[in-house]
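Report on the following structure.
A, B, C and D are the chain letters, set down in written order, and residue numbers restart from 1 in every chain.
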Amino acid sequence: MTLNEKQKQNEELNREFLRRSGVNVSKCYQCGKCSAGCPVGDHMDIPTNKVMRLAQMGLIEDAMKSHAIWLCASCTTCTTRCPKGVDVAKVMETLRIMAKEHGYVAEKNVDKFHSVWMGIIGTMGRMYEPGLIVGRNFSTGKLFQDTSFGIPYIAKQKLKLVPYKSGNMNEIKSLIAKAEAMDREERGNK
Amino acid sequence: MERVGVFICHCGSNIGAVVDCAKVAENVRNYPGVAYSTDYKYMCSEPGQEMIQNAIKEHNLNRVVVASCSPRMHEKTFRACVEKVGLNPYMFEMANIREHCSWVHAGKNEEATEKATDLVKMAVSKVCKNEELQKGHAPVTKRALVVGGGIAGIQCALDIANNGYQVDILERTPSIGGKMSQIDKTFPTIDCSACILTPKMVEASSHPNINLITYSELEHVDGYVGNFEVTIRKKARSVDIKKCTGCGTCMTKCPGKADDEFNMNLRKRTAIYTPFPQAIPNKPVIDRVNCLKFKSRENGKDVCGICSKFCPTGAIDYEQVDELVTEKYGAIVMATGYEQFDHSIYGEYGYGKYPDVISGLHFERLVNASGPTQGHIVRPSDHKEPKTVVMVKCVGSRDPEHGKSYCSRTCCMYTAKQATMIRDHCPDTKVYVFYMDVRTPGKLYDEFYNRTREEYGVEYVRGRVSKIYQDGEQLMVKGEDTLLGKQVEIAADMVILANAMIPQTDSEKMAQIVGIGYDKDGWFTESHPKLGPVETHTAGVFLAGACQGPKDIPDSVAQAGAAAVKVCALLSKDQLETEPTVSKVDTKICSGCGLCVPVCPYKAITLETIQERRAGKTIERLVANVNSSLCQGCGACTVTCRSGAANLKHFTNAQILAEVDALCQTIL
Amino acid sequence: MDYAYYPGCSLESTGIEFHMSTKAVAKALGINLVEIPDWNCCGASSAHARGHWLSLALPARNMAIAEAAGLDVAIPCAACYSRSKQVEVEVNKSEETKAKIEEIIGRPYTGKSKARNLTDIFYRDLGPAAIAEKAKKSLKGLKVLTYYGCLMSRPPELACDDIEDPISLDEIMTALGAEVIPWGFKTECCGGSLTACRPQVGMDMTKRIMDAAKKSGADCIVTACPMCHSNLDMRQVQLSKAYGAYNVPVYFVTELIGIALGMSPKDLGINRHFIPAEATLTKIGKTSEGGEA
Amino acid sequence: MSNNSVENFEPKILVFACNWCTYAGADLAGTSRLQYPPNVRVLRVPCSCRVNPQFVIRAFQRGIDGVLVAGCHPGDCHYTTGNYYTRRRFLLITRMMEYMGIDPKRFHTRWISGAEGPKFQQVVTEMIEEVKAIGPNDKLRDDMKVEVKAVETNE
């Protein structure tokens, strides 16, 4: 497929991406400083500057399919040091959100983690780590992974076994529902 | 009685196809003031111009309006045309019915014709209020001042002097030579900087037409093109330059120590010093901040005085004071050069705290045979020869977020030069260069860059460096090879940063003193980026070298020559013609409030005392006075003036209001 | 000095020492912390992977409750601080955002109440010298590495310290008598957010930092982020299994301040670390000066 | 008087253009054949700072529907600082005219460089549309009285 055909296919996604990120990706001059300082750089399938390049070329689908956007630790070193003032971390974040919505999740575990996390907050208002570990393992199908992570914490009396539950769960639930609705709305129109 | 001739041009079909030119001529035939009105195919052509001239004679016209193209195109042509038959050229106006009408309203013939009529009526109304104006004349002082004694200033002064004009070089440091004297070798030929600069310095100092004013600052500029009056502060050298023979005994005996700025603080110098051995004039100055005698005086004591004891000619004069002198010049050349960007703003490069992270200019001193290490490339921290050197380009350049948005133009080449020099001096040392782009558009520049990689084995890595940190004795450099798409980390012994070029820290103040423009970064602005690269918007002030923007030596020298030609062209005239479209104050109405004085960007307005007879008594009062040679005719003062005393000739309140009224009449 | 106190989820579990030591130290230093009633999770680090408004709304509720009480919010956790600060900044930036946030959370929040990092409060509002004045013993003899991680110094808009070379922990430690060892990893990301879902990546990131820590010759690391702490502390156990011994104790800044104030390690929760951290404290005062303040 | 009827209202807009930037920008729009409605008339002044607020008010008095004062971008003034004065002056004048009841949409100050032909086209087009939408200027106009007189004398 020619480049222009591919860009044409991505037109709608690109518009959505530009609107939601609010980042002027054309400012990027591909110096590579974002990739150079990225603490996860070694593990990414494509370096940060190439994610930027895909965004710049309007090839949003390819960018959404990458593992890199999920490995990004949101440390914002890239944004901080960018000589052109491009919010690179925001590009990564927007691509993550869009990838989830459009069904391109290259790193299922990362995504599941976020889902379980949000699920717990949605029911209790606060985090409940044992729930996180079990829930995550349950949903990934790896039931006993990282119990090495949970059990030592229990031994050190660091995990509360009885969860806190907010007395105002209705308020928090409604808050989450409204925020999600607003996010959906922004995705759809404007 | 106004007798205006109106000439509507068809410009072939350019105007004629949209605007009904005959109808426009007809529409204004009976307009007040119009004595004659016609249209023609090409008004600017030979027959067209003849037609105007004949009409002036036949119909006894005393004012002319031509409706055709933009005045930016042909105002000069038609002014000359009417002048030939005895009309004052300022009794002419143009109506732009091409660029502003036919070309932008294609197909809307009726409206365009109506608009053309309006524009012509406006022009007629204005020309009726026009007055005859005469160009002014001003004398020329046949001497030039070059501010800055670097390579650009020296070259410019030599070129002016060789054309037979007197020229002064004003330099703020104790010696001429500038940045080029700090540089070891020059690209792309790797000839020794001092070897080609020193002869020029000597030539300048011994030239009968050149006068050096070193260790001096520009204090104040008055006057105007051909007639500048410049006040110069001659800083106290504490050394009588006439008695001093430059033997140097004082410098060997001086116990005071100070950071040696010429050597980028890589070593100490004495308090009485010349910046470098080949300095011109080769006569020292006392740095009073670091001199033991002057320091002790601050504490009420008076010690040391060793230099004075050893001076064989008694040249030391501790009591010297700054001296202000005022000189007259016909032209000024700004050649104040550049400074090096301070990389200590970059936290990721260590905020300037790592001793072995140095700048390009540091390196020049390190590799210079007369420098602090006698030309041995060693790192500042422990004086060991570095086995791995990383060079980082675009430090401060092309970095709108933290540094400067522009490209400094010289760094690609000086980095390549320095890389080859490291490889020459220390063949076992590995050199890596981090770059974003390699920009080498000079003669033999790209060839040089390619030799750097191919023959000298310098490794170029495409990517910016994100972080440098001290790791034991070494520096870890974290970058990205964007061509590989991989992070690279290099353990280096020394890092050389290619710092950006920035204007002198006080360039904006300098520009304000001289009355020229500067851009957002502080570089002086040329009058036109393409067609006026060495002129400024202030007549008689020219630019040479890097004060106008980053430049390498060949470009600086070329621009210096260009500026010299402009200076000579100016100085060759006995009198200067000045535009008459300047501001004028009606002293009868002027209240002397002085509001117009500070708004004038050319300092053309001064308050003067006049004497007046009033009710039988002579009284004195203040009024504004416009120096018509300085005034450039912007009109800022006319609007500021509350009493309406200030008026801009050829754009008077009455003239502009006549145009406004003419347009609005078409509405009523 | 009164502040609303937002401990956040980590301080109730994996970072419970931070909670314990914060409360003890704040009290001793005369800082009155009023815990926000029924606070909720700030959403870090998942909400902003889900949606912009979601990531703002969660911390906004806490900020709104604090604002109703007329207090700025002291936040020990660097992640909670960053998320909360984001809301404060965004609300102050745009009336439209403010209106939308208020609509979502159903409470007024004008952005008047500020999100404050606890360490920053120690550093700026109290000052290292004032803390040292209250110290009962000097930390002399202890060589520390300061570790700020990502969220105290980045992104610049939200940072409470210098973006490349933060100094608040350094100056507090120096004032208390500890020797701060320079290193290049003060603000390097530890990969905390990845440890749970891509453990190997997180391990590698932690390893780089811990290798540098071991090489530096310091006795310990001091940090102010519960995620960094939990990650650096707990991961060393796994690193040791794979790559040989890693046993650099990692303290919360409040733990070491507490020690200087004369509190017992147990009261500060220092006994709950994975890498035993009590023995290292015996290095303190080897030269035994400083003593009573 | 035709343009006083609101239906077919064609406004007349006066543009004060500085000689060095905006006039050149308008010329460029011409040489680039960038089309815009023929409702504007450009009056050349050396610098936007030459425009006395009095000129603007006079134009409104005499029935103009809109006035645009345009010069070089701040920092690019041919006379170094002229447009700074323009900016400050017209900030005040805009408020004063608003106070006098003139719709602020009728008066604008814009920076258009010699290289910005398209911007000139865009600015004047937008302004014409705006003024068209708000109708003819009937504030401050002396001609309202003049008209009555004219009718009287004619009859």
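Points to keep in mind about this one:
Just so we're on the same page, a contact is a pair of C-beta atoms (placed from the backbone, for glycine too) under 8 Å apart; a residue touches a chain by one contact, two chains touch by 3 or more.
Being a predicted model, the structure only gives us computed values, none of them experimental.
More C-beta pairs in contact connect the chains of B-D than those of the other pair, out of A-B and B-D.
Centre-to-centre separation between chain A and chain D, using Cα means, comes to 51 Å. Between chain C and chain D the centroid-to-centroid distance comes to 59 Å (mean Cα coordinates, whole Å). Between the Cα centres of chain B and chain D there is a gap of 35 Å.
In chain B, the positions touching at least two other chains are 348, 467. Among the residues of chain A, those touching two or more other chains are numbered 42, 77.
Of all residues in chain C, those touching 2 or more other chains are 163-164, listed in ascending order.
Under the touch rule stated earlier, the contacting chain pairs are A-B, A-C, B-C, B-D.
Listed in rising order, the residues of chain C touching chain A in the complex are 9-10, 12-16, 38-41, 43, 45-54, 56-58, 61, 100, 103-106, 150, 154-156, 163-164, 187-189, 191-199, 201, 204-205, 234, 237-238, 272-274.
Across the interface of their complex, chain D is touched by residues 70-72, 96, 98-101, 103-106, 108, 111-112, 114-115, 118-119, 122, 515, 517, 519-520, 537, 581, 599, 601-602, 632-636, 638-640, 648, 651, 653, 656-657, 659-661, 663-668 of chain B. Of all residues in chain A, those touching chain C in their complex are 20, 39-40, 42-43, 71, 73-77, 79-80, 87, 89, 93, 96-97, 100, 107, 109-110, 112-114, 117-118, 121, 125-127, 129, 132-133, 136, 146, 148-149, 152-153, 156-160, 164, 166-168, 171-172, 174-176, 178-180, 182-183, 186. The touching residues of chain B, counted against chain A in their complex, run 348, 394, 398-403, 436, 462-467, 478-482, 485-487. Note for the complex: chain C touches chain B at residues 162-165, 182-185, 212, 215.
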